[in-house]
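Chains here go by letter, A, B, C and D, matching the order in which they are written, and residues are numbered from 1 within each.
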Amino acid sequence: MNNSSDVRESIKSKVPSVLATNPRLVMFLVLVVVSTVLSRGVFLSPSNIHNMLRQYSTIGIMAVGQTVVILLAGVDLSQGSMMALVSMVVAYLNVNGFGIVLPLVVGLLVGALGGLFSGTIITKGKVPPFIATLAMASICRGLATLITQSRPIYGLSKELLVFGRDTIGGIGIQVIIWASVGLLGIFMITRTVYGRGVYAVGGNEKSAHLSGINVQKVKLLGYAFSGICAAIAAIVITSRMDMGGPYVNANDNVQSIASVVIGGTSFAGGRGSVSGTILGTVIIAMINNLMNLMLINPYIQQGIIGAIIVVTVTLNQRKARTE
Amino acid sequence: MFQNRTQIKNKVGSNFSGNIVLPLVFIAVMLIGALISPLFFSVQNLRNIIIGSATFGILASGMTVILIAGEIDLSVGSQVALTSVVMATLAPRSLTLAIFVSVLVTVSIGIVNGVLLTKTKMPSFVLTLSTMGIVRSIALVIGDGQPVYGVPRSYASLANASVGGIPLVALALVVIYLLTWFFLKYTTLGRSIYSVGSNAEAARLTGINVNRIKVAAYAISGFMAGLAGLYYTSYVTLGLPDGAVDYETEAITAAIIGGASFFGGEGQVTNTLLGFLIVAIVKNILNLMGVSPFVQPVAIGLLIIVAVGVRTMRKS
Amino acid sequence: MREGKPILEMRQITKSFPGVRALKKVDLALRAGEVHCLVGENGAGKSTLIKIMTGAHSMSSGEMLVNGTPRELNSPQDGRKLGIRAIYQELDLLPTLSVAENIFMEDVPKTKLGLVDWSTMNRRAGELLGMFKVEISPHSLIKDLTVAEQQIVAIVKALSQDSKVLIMDEPSAVLTGSELERLFGIIEELRKQGVAIVYITHRLIEVFEIGDIVTVLRDGENIVTERIEAVTMEKLIQWMVGREMDEQFYKETVELGDVVLEAKNLSVEGLVKDVTFQLREGEILGLAGLVGAGRTELLKSLFGQYQVDSGSLTIFGEESRLKSPRDAIAKGLGFVPEDRKNEGAVLCRSIEENISLGVLAKRKFKFLVHFPTLFKTAVELATYVKIRCHSLTQEVVTLSGGNQQKTVLAKWLASESKILLLDEPTRGIDVGSKLEFYKFMAELVRNKKSIILVSSELPELMALSDRILVMSNSRIRKEFMADEATQEQILEHAIPQELRESTSAS
Amino acid sequence: MRKVSSVLLVLVLISFMSAVGFAADRPLIAFSQVAMNHPWRIAMTNDIVYWAEKLGVDLIWNEGEADAAIQLTKVRDLLLQEPDALIMSPFQATALDPVKEMCDEAGIPLVTIDRSIDSEPGTGMYISFIGKDNTRIARELGEFVANYLYELNGEYKGNIVEIQEAVGSSATIERYNGFREAIAEYPDINIIATQSGHGYRVEGTKVMENYLERFPAGTIDIVYTHSDEMGLGALQAIKAAGRTELIGRLVTMDGQRAAIETVVNGEHLGVADYAPHFGEAAIKTILAYLAGDEVEPVQMLDFNLYHMTTPEGENFTRNYYNRMLAEDLFY
């Protein structure tokens, strides 16, 4: 034991049992089969899948940031409102003749600074993340409406519309952005020093501190990343809708948390993955897509998502206990 | 260390200030209201404040119980909506039956929340986020997404009824808070909720059935959501399956400003009452001043950060 | 009294935990009005024994008789119903509730209507606290009290009930002179009332002061039970330590090098007072003292966890002001904390990740993790410290205590720490792993590393250290060369001045 | 203490932001908006602010955060300031009905716009309801669509997909029924699918994308959405999917500038006007009432149909669009 080839062996031997122990993957496969059968094949058509991915790209992007925050044993309830604020800022600057680069940079900056602000309240002010980001949500919502007294902003320049509309090689740019943010998240969490810090801080803050990790910095950057993800999602939705809107569906925030939780990240922190979250978003997208294709009553949609959260989290925990 | 009298004094001092700050803030807010608008202290305005925010007030008392138990309940807003739908559906047949069924339903939801929590060991945030969606769906399906009519006029007029010039709901709030205070302070179950939230392991060692206490706390939260829903139904005079969205955050805000902690074992329902009144009055003042609706959320957000931040920083 | 029938008798008690046998056929008899002292090293099985006594643990085999009747206890409540109560070392109080409530947690005074009777509760709590002559208000919250005050509340809580058997698990660990005197007064009173008391302590001197009878546990076995008149301190220590030292420990003598760390008049407010010492390359410096003497605090100050208020710290010839553990790690320090689960390892992450934290702490990589290096280091070190596991991707929580400890140590080897601060590194580890650990320490100093070792197990400390510093009340009281000191001498300096005065007076 | 001072500070800061001081001689009108969460709503508020200034009245207003109970509470806050009249756009007819009683008690005239409440307009202080006839507008739009299909195919034949407003609102029901009333006379014109887009652009896009998935090219002739906002969303879906055959086949209701613009450039087939322009009528009604004149209890405002299928239509639409640009009419 204890040499790398053995380690690799042991990982390999796990692969066949992955299906048996990974409820998300099982659920994903079952959903694919059920959806395909029920929709008489429409579900599996490339354009339907593409549609689905485009529709859920903003939630997917938010969820990547949310994952990092939840891995840190926190939560970000301000993502939805942050999106509204960034959407307004970007659109406002764009239509007032600041071109495209500056609005985008400022938009991302607003997201990052907002995240840093939440993070500071949490680390320095010792305010629980739930309350801090709830307050932040309220502030962002107010600021978003203040910019133009709540008027939506129309008439964005054509270059700005690229992110939500154009395709590269037949794939929507917003899907590519989601994939990039997702890969960036996976990369950041699994390949960088920072990622190791996130797991350590989320798993055991004291121990992380005593191992020389700058706990506050890790947390601050986590919330900043969540804010940046919200900003990127805001840019995509602004572009897709061709307007700056002070009101972005607040439900998106719940869906981003749901993606993370269905994706198997533990609310206690320290356990979970960005790849799981991406799968979680895809599962939510599939369920909604299936319900839409089947013309199922939209009222039961949030109930079904709720039930799925309960089931997956319970299965995850049972799995964790038996291990 | 006991000879260190200054230390003891400091302790007494901090306890003293802990109890006095909230009432002081409350008085300060009232004074500001009086200074800013002559309308503030009018009977009509005080009445408006109470009847307009009573739903949050009732929810906040239940939320305090849940927070003391060390958990959270995000499903209460949906429960209010469901109650209004159940009320509007059943009240035309029998008002008593409707009230009974409504409260039964929400208490059952509370019990289901509690049982799921203790059986699945899910974090309460995630669990009640899920039940929030499920309960909302049930309300929407029952009401077919549309307002449900049929609340009897007599019942609808209760929200505005007064006894000797005092709104009925103000009296109801006083009774609810007194009962909750009494329950938490003087009953064994109430004290057990504190114990479980304070240190679940120690509570278990002293023979408290921790799971049962948590279920009981959720049942109480459900009961309060039911009462809040009854009032809400009377206030809006019909069943609104998509109503009362985000009411849970209002309740949490009131409890947290009142000093309840996310870590359990702490909190006084009397302080929640003050917390809830402070938020309601601040909102009222902002309205009377004609502060732009766009600025109001910013003000409320800052209020939360300042209130909670100052307290936690003082503690540490 | 000697002839009285036992209130509680434990026969042939055996308790196994997965992989460990905590108790082996232990017999114990408690009689009314007797103070029965229970001594033994850490991990000897004392805690397990009292948990079985109270019903918090079930026994694997054996039987327990209460007043001559066999009883099976399934929960602490069962024990309490029979009048068996314990005051645990880890305080099981409710931090956010008042003193009075904690005292009456189990048996709340009630009015005729079945409601909590606050006035009676507060009054009776006040009376009970008055017995201790302590100025604790029944209304204070537990979290606002000092640890000693909390301990007193825990004792008062146990006294508030009619107990037949009262178990005190190291009550003196956090008490100082006058408080301890009061405690002894109370014990005397209880003895008169015919309560059987089990008194666990590391301060052997107390055994002679208040004990009637003493039982020594070692490695889960009852070594001896003897009336106190027939026991001397030397015998007691011999029983506790048991085997010859060279069998139990492993030590290599290494030639000492330059001074690597020097503290001069180091003080941290309330935690460390005026500490001066030197540590040389290849040296194992032992820190002896009772729990609460300031040993852990000193280590944490050296590691940058606590900010030094005055005095100087020189590491490798450079005067250093450490602002955080980061700074200490950068200077080549590593710290293996006592509380492995909360401060040592990140339990929910893999062995590899835990070890790699050391590589990262060294700031070898700025941004990207270089996996081959990390894996190679982890595999090498895991093999080197002999972590037993299926794979390095295993979560640390699944490992045994000893292997968790090795993981934490491997982390510091990965960060190439030159000075290791070890706080009770062998606590709760089985004997086999301990020996491995000692050999390992020897190898470390052979490789020119230096170690500061904190251990409550005096024989261990004496066998491993080159030099021993004895601490009490946050100060260093005495320095010994390891081969010059005896346990009695060390203990004498470890017991705080005022306690020594009070005990010698009685 | 620090907390007290912090709260004080916040409140003082806020008081600076508030607008105070009305001229005493001008009438004070209060306006209660449902919510400021939709361009249509925001435009309605802006229109009222605009006309208040133009007609020389002072205005106080707030919004109900899209919640019946909160709107009711905030109406109370408005009435407390004893305005000379109240304009309300009610969230829901039954829930906001108590406002009529409050106005009766306070002697404050009430005008509802867009939607009515349960009470009969013209009774007590409820002086007038000013609305637009959704059913009629939807019916005329349906008629327009039928004629367009006839022009196109030589017969009354075609398939329509529909995207509804927020489910359950009275506007949705009326727009749903009115349109059907018109096309019911043509058995070969069918509505082959109907789903809710909840009134938002994003949702409109989503629903349209799903339609495009289910119905291949050639199977849809007309897309009918209940609002411009969702229609613009649907248009984006159509363009993104490259379904050029559906460009210029979209009919919607409301009359936003962005929608009229797409009519002018040919991407939109027709827009039925349900612009939230109630300010002029509402304030003029109040001023007339205050002057002692009779006012109509129910006033249904005129509407227009913007399209480019006939020379007159084109002329009218272009003129209107140019005027919107010239006067910078927001909506």
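Here, a contact is a pair of C-beta atoms (placed from the backbone, for glycine too) under 8 Å apart; a residue touches a chain by one contact, two chains touch by 3 or more.
Predicted, not measured: the structure shown is a model, and the values here were computed from it.
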Open item on the list: From the C-alpha centres, identify the chain that is farthest from chain C.
Closed with: D
TODO: Report the inter-chain centroid distance for chain A and chain D in whole angstrom, where each centroid is the mean of the CA atoms.
DONE: 34
Task: Computed distance of Cα centres, chain C from chain A, in Å - done: 45
Task: Distance between chain centroids, defined by C-alpha means - chain C, chain D (Å) - done: 73
- [ ] Would you pick out the residues of chain D that each touch at least 2 other chains?
- [x] 36, 167
Open item on the list: Give the residues of chain C touching no fewer than two other chains, as numbers and ranges.
Closed with: none
Task: In chain B, residues with contacts to at least two other chains - done: 144-145, 292-295, 299, 302
- [ ] Any two chains that touch count here, so list every such pair.
- [x] A-B, A-C, A-D, B-C, B-D
Task: Touching residues on chain C, where the partner in the complex is chain A - done: 303, 305, 324-326, 328-330, 335, 337, 342-349, 353, 356-358, 360-361, 365-369, 371, 375-376, 379, 382-383, 387, 389-393, 395, 398, 411, 415
Open item on the list: Using the touch definition from the top, list the residues of chain A that touch chain B in their complex.
Closed with: 75, 121, 125-128, 130-132, 134-139, 141-143, 145-146, 149-150, 250, 254, 257-258, 261, 267-268, 297, 299-307, 309-310, 313-314, 317
Open item on the list: Give the list of chain D residues in touch with chain A in this complex.
Closed with: 36-39, 42, 46, 167, 193, 195-196, 200-202, 205-207, 209-210, 213-214, 232-233, 236, 239-241, 257-258, 330
Open item on the list: Quick check: in the complex, which residue numbers of chain A touch chain D?
Closed with: 42, 45, 47-48, 51, 54-55, 145, 149-152, 154, 165, 167, 172, 237, 240-243, 245-247, 249, 289, 292-293, 295, 298
- [ ] In the complex, go through chain B and note every residue touching chain D.
- [x] 17, 21, 24-25, 28-29, 32, 36, 39, 42, 44-45, 48, 51-53, 55, 144-147, 149, 156, 160, 232, 235-238, 240, 242-245, 282, 284-295, 299, 302-303, 306-307, 310-311, 314
